[in-house]
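A short write-up of the structure that comes next.
So that you can tell them apart, the chains are marked A, B, C, D, E, F, G and H in the order they are listed, and the count of residues begins at 1 in each.
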Amino acid sequence: MTMIWQVYLSGEIHTDWRCQIADAVSEADLPIELMSPNTNHADSDDCGAEILGEPGSDFWRDHMGAKMNAIRNRTLLDAADIVVVRFGEKYRQWNAAFDAGYAAAMGKSLIVQHPAEFTHALKEIDGAAMATCETTDQVIEILRYVTMGDLSRG
Amino acid sequence: MTMIWQVYLSGEIHTDWRCQIADAVSEADLPIELMSPNTNHADSDDCGAEILGEPGSDFWRDHMGAKMNAIRNRTLLDAADIVVVRFGEKYRQWNAAFDAGYAAAMGKSLIVQHPAEFTHALKEIDGAAMATCETTDQVIEILRYVTMGDLSRG
Amino acid sequence: MTMIWQVYLSGEIHTDWRCQIADAVSEADLPIELMSPNTNHADSDDCGAEILGEPGSDFWRDHMGAKMNAIRNRTLLDAADIVVVRFGEKYRQWNAAFDAGYAAAMGKSLIVQHPAEFTHALKEIDGAAMATCETTDQVIEILRYVTMGDLSRG
Amino acid sequence: MTMIWQVYLSGEIHTDWRCQIADAVSEADLPIELMSPNTNHADSDDCGAEILGEPGSDFWRDHMGAKMNAIRNRTLLDAADIVVVRFGEKYRQWNAAFDAGYAAAMGKSLIVQHPAEFTHALKEIDGAAMATCETTDQVIEILRYVTMGDLSRG
Amino acid sequence: MTMIWQVYLSGEIHTDWRCQIADAVSEADLPIELMSPNTNHADSDDCGAEILGEPGSDFWRDHMGAKMNAIRNRTLLDAADIVVVRFGEKYRQWNAAFDAGYAAAMGKSLIVQHPAEFTHALKEIDGAAMATCETTDQVIEILRYVTMGDLSRG
Amino acid sequence: MTMIWQVYLSGEIHTDWRCQIADAVSEADLPIELMSPNTNHADSDDCGAEILGEPGSDFWRDHMGAKMNAIRNRTLLDAADIVVVRFGEKYRQWNAAFDAGYAAAMGKSLIVQHPAEFTHALKEIDGAAMATCETTDQVIEILRYVTMGDLSRG
Amino acid sequence: MTMIWQVYLSGEIHTDWRCQIADAVSEADLPIELMSPNTNHADSDDCGAEILGEPGSDFWRDHMGAKMNAIRNRTLLDAADIVVVRFGEKYRQWNAAFDAGYAAAMGKSLIVQHPAEFTHALKEIDGAAMATCETTDQVIEILRYVTMGDLSRG
Amino acid sequence: MTMIWQVYLSGEIHTDWRCQIADAVSEADLPIELMSPNTNHADSDDCGAEILGEPGSDFWRDHMGAKMNAIRNRTLLDAADIVVVRFGEKYRQWNAAFDAGYAAAMGKSLIVQHPAEFTHALKEIDGAAMATCETTDQVIEILRYVTMGDLSRG
C-alpha cells in the first residue's frame, strides 16, 4: 500500500512534541505527512495586523489574526485523515478544543493527548476521540500501528 | 414567513441565561424553537453509569456519560440553524469550545457570548462566529433582529 | 401534492416587487412560502453597531452588520428551493450577485430578473440561472407554472 | 509538509495582478498552484459562438459563452483551497461577486482585494472573507504567511 | 409511524397510470404524497417561450422550456424518497432515463416499470433500480408493501 | 422543545422488544417516532417473488426480496436520528451488523443491545456505538434520558 | 497550472469518436486524462454471466452484466470533472441518458453531442448541459478551449 | 487511462486470499492499490491495551482495540473505490457485515464473496452488492475486467 496518511497536529505549542513525532516518523519512514498550524506564537498573534494594518482595537486585531490563521488551519484540517489534539498543562487552550470539535464534525479520526488530571474536564472531547493517551510516545505508537500494523509489545 | 428557527444554546450551565432567552422568546412570540443540552450537572455526569452500570474506572465512567449526552447534543446541533455558545467566568469549558468547532464545521451560524477578558483566549472561536457579544440581552436582540427584523435602537 | 415551496427573494430593495409577488401568491393561493432578507436599509446597515456596539471604524461597522444579516440570509438561502435574484437599475448590487453565486453552488434553482441592458454584464449569472426574465409579472408566472402547472397563454 | 495549495485567482482581468502573484510565488518557491479563468476578454466573450455557432441573438450568444467558460471556472473553483477575488476600479464585476458567493457556499477560504472606497458596497462579500486587503502585495504576503509561516514584519 | 413517504412519478405521460396510483393510494389511505412533473405535454413544451418570450430558434425554445420544467422536476426529485420511472411503449423517453440517472446518483430508491421487451435496452437502469416491474398494479403493490408492510399474496 | 426524535429499531425480530419500547414511549409520552423494518419474517422473505414473480432461482428470489425491503429500510435509516440495533441469542444476524455499519457511516447515533457473551465478537460494532447495553429496559432508559433529560437513579 | 482534467466519454460505442478525441488530446498534449466505459459490446453484455455464471434468465443475465459494468462506470463518473455524452443516430441509448442524469446530479460539467434532429427529444438533457454540439471536432475544440484557453477562430 | 483504483479487502483473515489477489494484481500489472485491515489477529485484539494500557475490563479492552483499528479501517474504507468483503466458513464475522453496511452507505462499489450456503443469511448484503461470487478467482476476474476491460471467456 502506497497511501500517504495526512496527520494534523493541533494544540499545545510550547513544547517540542511535534518535533518528536516528526523525528519518529522520519526514523521509521512511516507513510505519513505531518501538518500543523503556525507554531510561532508571536507571528500567529500579529499576522493579521502586520499584513492588513493595525485596526485600532484589540478585538479586531485578534479577529484579523485568527481568521488569517484559519485559512491555513481549516484547509489542513479538511485535508487530514487523522487529527491529533494535545492539551498541555497550562492555558485555556480553547482553540485546541475547537479544533477537536471541528475534526469530529468532519468525521476525522481524532486522537487526544492530555494529562490524566484533565480526564473529567475533557470527557466530551475524549468521548469523540478514537484514542486518548497521555504521552507523545503513545501518539507515535498509535500512528505506527495504524499506518504500518507494527505493534511494539511492552 | 412561517419558518421556525432552531436555536441551540450551548455552554455555561450555572446561571439562568437559557431561561432569560426562553422568556424573551416567549414574550415576543419569536418564531424560535430553543434546544439545549441536559443542564442538570449531576445527571449529566452520572447518566452513563446509572443506566449502563458502573465501569470501575473514572475514565470509562466519564466516557460512558459523555457519549450518552452526545446522542442528544449531536442530534440537536445537527438540527440547529443557529448555535449560541456562552462562556462563563469559571471552569475550563472545553465542551463549549468543542461545540463551537463542531458548529463551525457544520456551517451553522455561530453566536458567541463571553466576558471581555476572554477576547484573546477565544480569538479563534470569535473568528468563526457571525457575532460576538457580552450579555444575554445582546443574544436576545440578535435573535429578535435576525428572525423578525426588529431593531431596537438604543 | 401538499408540498410548500420555499422561495427566497434576493436583491433590489428599493421597489415593492416583493409585495407584488406576495400579493400574487396570496391571491392565487400558491403553495409558496416567501422568504427575504431584511429590507429596511437603515436597520440592515446599523444592526451590528446598534446591538454589539460601535467599533470605531467604518470597515468593522460594516463587517459586524454584514455578518449579522448573514445569519438570516444564509439560513434562509440554505432552506430555499428556489432563489429569485432581482437586479435593479441602480447601485452595484454586489450582494445580489453574491447570493446568486451562493445559490448556484448550493444547487438551488435560480431565477434572475434584470433589465435587458444588463445582459452582457450579467451573462455569468444568467448562465447559472434556470430562467432569466425582465419583469416581476414574469417571475410570478414562473412561480405559478412551476408550482401549479398553470400556464397562462398570452 | 509537501502539500501543494490550490489557489484560484478570480475577478479583474485588465491589469497584470495575476502575473505579479505568479512571479512572487515562483521567486519564493511557494508550494502553490495558481489557477485562473481565461483572461483573454475577447475569447472569453466569443468562445461559445465560435465553437458552437452563432445563435442569432445577443442573449443566447452570451449564454453559450458564459456556460462554456463556466466548465473551466466551476471545475477550478471546486478544486481550490483558497479563492482570491479582486475587484478593480471599473466595471460592474458581477461575475467576481458571483464567484465569491460560490466560493463561500463551498466553504473555500476567501481572500478579497478591493479599493477602500468599495468597503460599504462590498460589505457582504468582505463579511464572508477570511481576509480583506487593498493591494496585490498584501495578497502575496497572505499567501506566503498562510502556506509557509513566514511573516515579514514591517 | 407517522412518516409521509414522498414518491415522485417520472416518465410516460400519455396514459393515466399516475391517476391509477393516486386512486390506489387514496383508497388504501397510504401514507404517501405523490409528486410528478407537469404532464400537460403542450404546456410543458411551450412554458419557456410563453412566459419568457419566443427566442426565434427551436433549440433555444426547447432549452427555455426544459430549464423551466427542471425547476419543478429537480426540486421534487430532490425531495423524493422513492422515484418511480415508467417507460411506455413509444417515444425515445430520454428524459425518463435522465431522471433515473439523476435519482440513482442522489441515492433515491428507484422503481422502474417497463414492458418486457425493453429488458436488454434498459439493463443499466434496471441495474440501478431496487425493483423492476411491468404493470402499474405491481408499482402499487410495492408502494403498499414498502410503506405499510401489507403483502397481498396471490 | 417540540422536536420529535426519529428512532429506527433494527435487528432481532423474534421477540416483542419493539412492542416493549413502543409501550414505554407511549406511556411516558416521549417525543419519539419509532420506525422499524417489516418484522413479518415470511412476508419479508417472499415480498419480491410475490409482487414481481418467481425468478426460478433461490439467489435471485432472495435478491428481489432483499432489495424490496431495502426500499423501506434505507429510507427509514436515512430519516433516523438514532438507530438501535439489537442482536438476539440466535442466528447470524448479518443484516443487523450491516445496518449498524450503514448507520455509522451516515453519522447516526448508534445504540447497540446484545447479550454479554457477544462482547468480543461485536467489538467493532460496539466501538462505533454511542451506548452498548444488554436489556430492553436500558434502551428505554437511554431514550428517555436522551430525549427528556429524566434520569431514573437506581 | 499543472492540473490534469478527468474527462469521461459516455454513450455511443459503434464509431471511433473516442479515438479521434484521444488522438487530438495526444497531438495537442492537452492536460486531459480520458476515461470511458468498456466499449467492447459483446464483453460488456457477457461479463456478468462469464465471471459469475449463467443465471438461467435473460433478465438476471443482463442485470449481472449491468452491475458489473456499473462498478467501472460509476467510479469513473464520480472521478470525472467533465462528462461528454454522445448520442448516435441509432438505438435507444437509454444508458447514455442515464449517465447524463447521473452526471448532472453529481454537479459534473456535462457536454452533449447529438445530431440536430434529436434536439426536441433531448431537450431535458441539453437543458442540463454546459454545451451542446453536433460534431466530435466541436467536442475537441471545447476541451482544448476549456483546459488551455486556446480559441481557434473560424 | 492512468487512474489507480483503490480496492479495500475486508473480512475473513484466516486464509491467504489477500495474497492471492495481490499476486494476481502484481502479475497482471493491474492499476490497483490494495488496502486491508491489520490481519494479525493477536495484534488487532491487543493494540489498544498494549499502547494505551490495560483498562481492567474485557469490554473496555475490546473497545480500545476496536477504535484503534477503526482509525485505520475507516480511513481506508473512505479512500476506497471498491470494497471487497469476504465471508469465510467460520465465525460470526459481524465486522465484515458492518464494513459492508458502511461501504454501502458511502456509495462504494461492493463486491461480496461467500460460500453458497450463506445466500439466504446474507441476502441483505448481497442485495447491496454490485457483484456476488464464491471464489477468489472470481474476485480477481472482476477486478481485472472492471479496471482493464479484459474478459477471460471460459
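Going forward, a contact is a pair of C-beta atoms (placed from the backbone, for glycine too) under 8 Å apart; a residue touches a chain by one contact, two chains touch by 3 or more.
Since the model is a prediction, treat every value here as computed from it, not as a measurement.
Any chance you could name the chains that touch chain E and chain H both?
Output, common partners of chain E and chain H: F, G.
Given that chain F and chain H are copies and touch, would you call their interface same or different according to whether over half of its residue numbers are shared?
Chain F and chain H contact each other through largely matching residue numbers.
If you tally contacting C-beta pairs, which comes out ahead, E-G or B-F? Let me know.
E-G
Taking the mean of the CA coordinates per chain, how far is chain B from chain G in Å?
Chain centroid spacing, chain B to chain G, equals 49 Å.
What is the distance, in whole Å, between the centres of chain B and chain E, each centre taken as the mean of its C-alpha atoms?
Chain centres of chain B and chain E, defined by C-alpha means, are spaced 43 Å apart.
What whole-Å value do you get for the distance between chain B and chain C if each is reduced to the mean of its CA atoms?
The computed centroid separation for chain B versus chain C comes out at 31 Å.
Which integer distance in Å separates the CA centroid of chain A from that of chain B?
24
Could you tell me which residues belong to chain E and also touch two or more other chains?
59, 67, 70, 107, 132
Write out all the pairs of touching chains, ordered by chain label.
A-B, A-C, A-D, A-H, B-C, B-F, B-H, C-D, C-E, D-E, D-G, E-F, E-G, F-G, F-H, G-H
Which residues of chain C touch chain B in their complex?
Of all residues in chain C, those touching chain B are 6, 33-36, 38, 40, 43, 46-48, 50-52, 64, 67-68, 70-72, 74-76, 78-79.
Contact residues on chain H for chain F in the complex?
My answer: residues 58-59, 62-63, 65-67, 69-70, 91-106, 118-128, 132.
Which part of chain B faces chain C closely enough to touch in the complex?
On the chain B side, the touching residues are 1-3, 5, 81-82, 107, 109, 111, 130-133, 138, 141-142, 145-147, 149, 151-154.
Tell me, which parts of chain C touch chain A in their complex?
Within the complex, chain C contacts chain A at residues 55-57, 59-60.
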